[in-house]
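Order of writing sets the chain letters: A, B, C, D, E and F. Residues in each chain are counted from 1.
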Amino acid sequence: MPFVNIKITKDGATADQKARLISGVTGLLRDILGKNPQTTVVVIDEVDTDNWGIGGETVTERRRQGK
Amino acid sequence: MPFVNIKITKDGATADQKARLISGVTGLLRDILGKNPQTTVVVIDEVDTDNWGIGGETVTERRRQGK
Amino acid sequence: MPFVNIKITKDGATADQKARLISGVTGLLRDILGKNPQTTVVVIDEVDTDNWGIGGETVTERRRQGK
Amino acid sequence: MPFVNIKITKDGATADQKARLISGVTGLLRDILGKNPQTTVVVIDEVDTDNWGIGGETVTERRRQGK
Amino acid sequence: MPFVNIKITKDGATADQKARLISGVTGLLRDILGKNPQTTVVVIDEVDTDNWGIGGETVTERRRQGK
Amino acid sequence: MPFVNIKITKDGATADQKARLISGVTGLLRDILGKNPQTTVVVIDEVDTDNWGIGGETVTERRRQGK
């Protein structure tokens, strides 16, 4: 029954990578906490780099500066 | 003043269906908890089936298998 | 498979009121969008009035002023 | 290390406006709570007006009515 | 820079279990998507069973019925 | 009408600090994006350091190590 929300920058993660991430997180919740995989929900949000900030700057700007 | 976030898979919900959902949830919060509809906010996120996992698999994959 | 998060101020909502809210929202998603109730998850967060702001003020402060 | 999620309606906020918002919020967390800007993350979600409800109506509908 | 939010029912997860979950999820994001662990944030919310609904009922009620 | 969720570790932020944060963020949204303060909602979540991870470790563990 757990619910997991993963936010990452939109950088071309493939359907296969996202499927492996979902499978992996669901497995961790089963192995560590005994949670039922059948009712474990994982939602991935891919966020535009203009809309993601760290260190007070957008990721778009940080990449332009080579950070 | 309540805030409600509804996440569903992106499956062609119409503007009318979303409007009815917003109206319905706002009404429930008024009827059950006495919350003021004027300041009740409802946000609906429609999520790609590649980005939604349940049972350790993406919804895309589950549908391919007829689950 | 929908996921719903409801945030309200912590004001003594009873277990029964919360159960009715969960039941009602799950029913709306079934009736309006055909979503399966068995995999619909609803999570309610009750937030301290010091931690909830509207109009630039905390709810604690607004109530002190009779707003 | 704070995490901030800002949800606004999708109304043409520019990259520059979003950058200023990220910078401003990160600065507030540093000035008021002493949080390290280098690990402060801000994510902005821009939401379609069909998917945002207030007062039991979508923002799309409210604008049509001149509210 | 990913941000992960894990919501589970409050059922006595230990500090060690939560630490292993955080370590595991951070490792998956590094291994599958090449994300930097140093800026990966994981936040776990433990939710009262009165506030968690599935199948239109609270978890409290479902357990009472032996579901 | 914006909705802002701020997650910080539970470290004794005072009611006054939280009120200033709410006021400040609401003001930024008005000044930068012209958002109406009367319908801007800000919710602050204070999270136990056992439940917050960064760099693959809990904040509790990092502080024990003097990081």
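We adopt the following convention: a contact is a pair of C-beta atoms (placed from the backbone, for glycine too) under 8 Å apart; a residue touches a chain by one contact, two chains touch by 3 or more.
Quantities reported herein were computed from a predicted structural model and do not represent experimental measurements.
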{"item": "Length of the shortest touching-chain route, subunit A through to subunit D", "value": "1"}
{"item": "Touch graph components, with subunit A removed from consideration", "value": "one piece"}
{"item": "Both-way neighbours, i.e. chains that touch subunit E and touch subunit B", "value": "A, C, D, F"}
{"item": "Interface residue identity across copies subunit D, subunit F - same or different by half", "value": "same"}
{"item": "Turn needed to bring subunit A onto subunit F - CA fit, degrees, nearest 5", "value": "180"}
{"item": "Averaged-CA centre spacing for the pair subunit E and subunit A, given as whole angstrom", "value": "14"}
{"item": "Gap in Å, rounded to a whole number, between the CA centres of subunit E and subunit D", "value": "25"}
{"item": "Distance between the centres, which are taken as Cα means, of subunit F and subunit C, whole angstrom", "value": "20"}
{"item": "Subunit D, residues touching no fewer than two other chains", "value": "1, 3, 7, 25, 39, 41, 43, 45, 52, 54"}
{"item": "Pairwise touch network: line, ring, star, complete, or other", "value": "other"}
{"item": "Which chain pairs touch, all of them", "value": "A-B, A-C, A-D, A-E, B-C, B-D, B-F, C-E, C-F, D-E, D-F, E-F"}
{"item": "Of all residues in subunit D, those that touch subunit E in their complex", "value": "1, 3, 39, 41, 43"}
{"item": "Complex contacts: residues of subunit E adjacent to subunit C", "value": "7, 45, 47, 50-58, 60-61"}
{"item": "In the complex, subunit C residues that touch subunit E", "value": "15, 18-19, 22-23, 25-27, 37-46"}
{"item": "List of subunit C residues in touch with subunit B within their complex", "value": "1-9, 13, 17, 20-21, 24-25, 28-29, 32-33, 35, 39, 52, 54, 59"}
